[in-house]
């Protein structure tokens, strides 16, 4: 593609330093074995040796696990509300195509109707420099749900490892600006060819596949099949791992705290898997575990397509890798019975 | 597709939909030992003038430092000198609300949700079926209809509670009983020494009252179990699922269709509801409960 | 006895139990969907028993599924799991007569994360992990590496001195010798004990800053059987359900205290934690404290009342 640039491996640190002048650069880091996108330590890009994907999805930069919505002060004249300060613009370096695509999926409920100012401010203030996958996990299934290991549809820039450096493709005008200002060399035809090969190899590395043909209707058809859902839910622990570590999950809780005259309202990650998620004073519509498991599967693969026309899953495989009992969504979807013939 | 909320009047504080407006409590009415009605007004004069809402809509009310809870706006949009909401003390936020008195400041975010479809109800006979505090959203609509009486047909109200002490909005029940154009039946679940009126569960009493389904719409609100038995009772009387309207309650936090928890199938009670026809929800409601 | 033989016996026993209607369901392990993993199987279908497995990766404590189960259940239990069952019996969460305990003597389970760290490869990039007797052989990139158990078994397995279930209906293998060298498993705790209180505070602050309050630790733990956990109470609100490190730390400390006398050091909590927080450094320390103070080890004696729920006025106050 015309206009692609090449970043030499040895120039990467300088490039990140340059970008750090205008953005807070986030990059993969490892803490006791957990991989998280954190503020780049400014030292090196050694993380590229071991980085495959982060444990916690990069959605945590846009919809953090904990967010202060506003503070309130009880004063003589009454309550005064105070908004949190604006944040510096961010650059997420190394976000994978699946996680970037997930952000476009999560955008949908946060943009439609009443706009969510906190989410949108972070979203608009974050640039995504994506990194094509070279070592997909055996739990990845992005190609089955509309994505791919070098899908550039949701990033601003896509980097692809070509051995001695990276092919850099601008996918948005913001991405183009980022690359233009960096004084990079143009990519040669040989660079482009290497990138094509790398992308082909990564695509071949996606082994896990599911059939989503007619899935929405199959799920609608078996909604009342209690036996199926009880069997499916039997080993689920009802913890929040699959939802918290899912890049397309976004459910949140709102809580207040006040100490004497000072307080704040917080937003934090919540999960439809928790039994108290739908707890009401007199009843709980999802008291039984099978109803909650049904809700999670149907929300992502039936209700989201009904509301937004897209499957609410990007096939990143985190839920499969991290589930303490190896409950596997791909196995579950394969087991959904065929739609009843009417 | 998702409901288009862009057409609804919105009053976000400072352009941020999560910021509450400050409102001041002007009157507290003890409906029952657990239920209170609050009359309130916005601190901001301009908002007081501009604010509008429709019957059936709700708002998120804050006790700062304790939390937020959703309640319908129980006053009618035709009576704007103040706003009202009613709540039952059942948990953390409602207990904190219960302790508040005249002059206390609360937060208000709204109005949210859809509303009772007045355009559909115009010219029709209306059958209101309410239980306990479920009368709160209905009373907004009833007074709205009464204030525009000529636009609607017959009005029948069947309202009940567990015991006489649990009957809410006694002042409304008295007024409606005195109104010659309203058929008012109040009932309690079981015989009680302080009660000489109708006795029986609301769905059963409704069947006995036997309103005609011709050119009629039923609007139902009450505890989930009452709603669940009222739909079949209405069906027995000849009402179609499209002729049955209800307003649902779910655990809510954001109130604007984002936090995820209030859904029934692909519909969110806070955004696509809380007012639904039975036809809209019957596929998901039977096994959600 | 080799895993494969125990597995054969298990499948036979489980099938017979279902065929004869002696249990309503079997809870065991079957092959997981990822390499070197197993997943719990809950089944009433006798043909499913052909998929039951016994291998170095049967990590889940299946007794976590027992609380609240109706009818009769056949459950596969390693040493630690069987002690969890006894503890649940003491707390009246499960009735012994409703269980058929299929005991598996356990030579220790392989911690794939340790192998990943040693070889610098992730599990889906390894070809094979095989355990034969006392040897663990890892095949990666065509090359075989033999690793000593002390380097690759879970810490709680290295510390285990009761690998053979003592409460069971059927013992499916030869009793297993207990671990002889617990030093490898205590490294984490000893490091912490050597730190000053300020250093420990900084350490846990860092660790719990990664906690997202997913409650995998709590839900995977058989000792956490409360229908309504203290974190779910709003009235009063003991701990805010928000993932601040302070609230996270308080949650875990209270949870550790709540399971004192019930925890059998099965390691499920640490294994379940997606943030790799070393929870066992808290729970094992509690286990040791309970042993020191009360000479009590959960699940080793089914007679006493649960440790911290029984009070004797004549007990010493110190």
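The first chain written gets the first letter, and so on, giving A, B and C; residue counts start at 1 in each chain.
Rule of thumb we're sticking to: a residue touches a chain if its C-beta (ideal position, glycine included) is under 8 Å from a C-beta of that chain, and two chains touch if they have at least 3 such contacts.
Values in this document were obtained by computation on a predicted structure and should not be read as measured data.
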Chain located farthest away, centre of subunit B as origin (C-alpha): C
Chain whose Cα mean lies nearest the overall Cα mean: A
Chain centre separation in whole Å, for subunit C relative to subunit B (CA means): 50
Chain centre separation (subunit A, subunit C; CA means) in Å: 31
Chain centre separation in whole Å, for subunit B relative to subunit A (CA means): 38
Residues of subunit A engaged with two or more neighbouring chains: 253, 255, 257
Multi-chain contact residues (two or more partners), subunit B: 91
Subunit C - residues contacting subunit A, complex: 32-35, 37-42, 60, 64-65, 113, 117, 120, 122, 124-125, 206-207, 210, 212-216, 218-220, 228, 232, 240-244, 268, 271-272, 274-278
Parts of subunit A lying in touch with subunit C, wherever the complex brings them together: 31-34, 36, 50, 52, 55-56, 65-66, 135, 137-139, 234-235, 237-241, 244-245, 253, 255, 257, 266, 268-269, 271, 274-276, 320-322, 324-328, 330-331
Residue ranges of subunit B touching subunit C (in the complex, touch as defined): 91-92, 95
Residue ranges of subunit A in contact with subunit B within the complex: 69-70, 72, 74, 78-79, 81, 83, 109-110, 112-118, 223-224, 226, 250-258, 263, 265, 270, 272, 277-283, 285-286, 291, 295, 298-299, 302-304, 306-309
Parts of subunit B lying in touch with subunit A, wherever the complex brings them together: 1-6, 10, 12-20, 22, 43, 62-68, 88, 90-91, 105, 107, 223-224, 249-251, 253-254, 256-261, 263, 265-266, 271, 283-284, 286-289
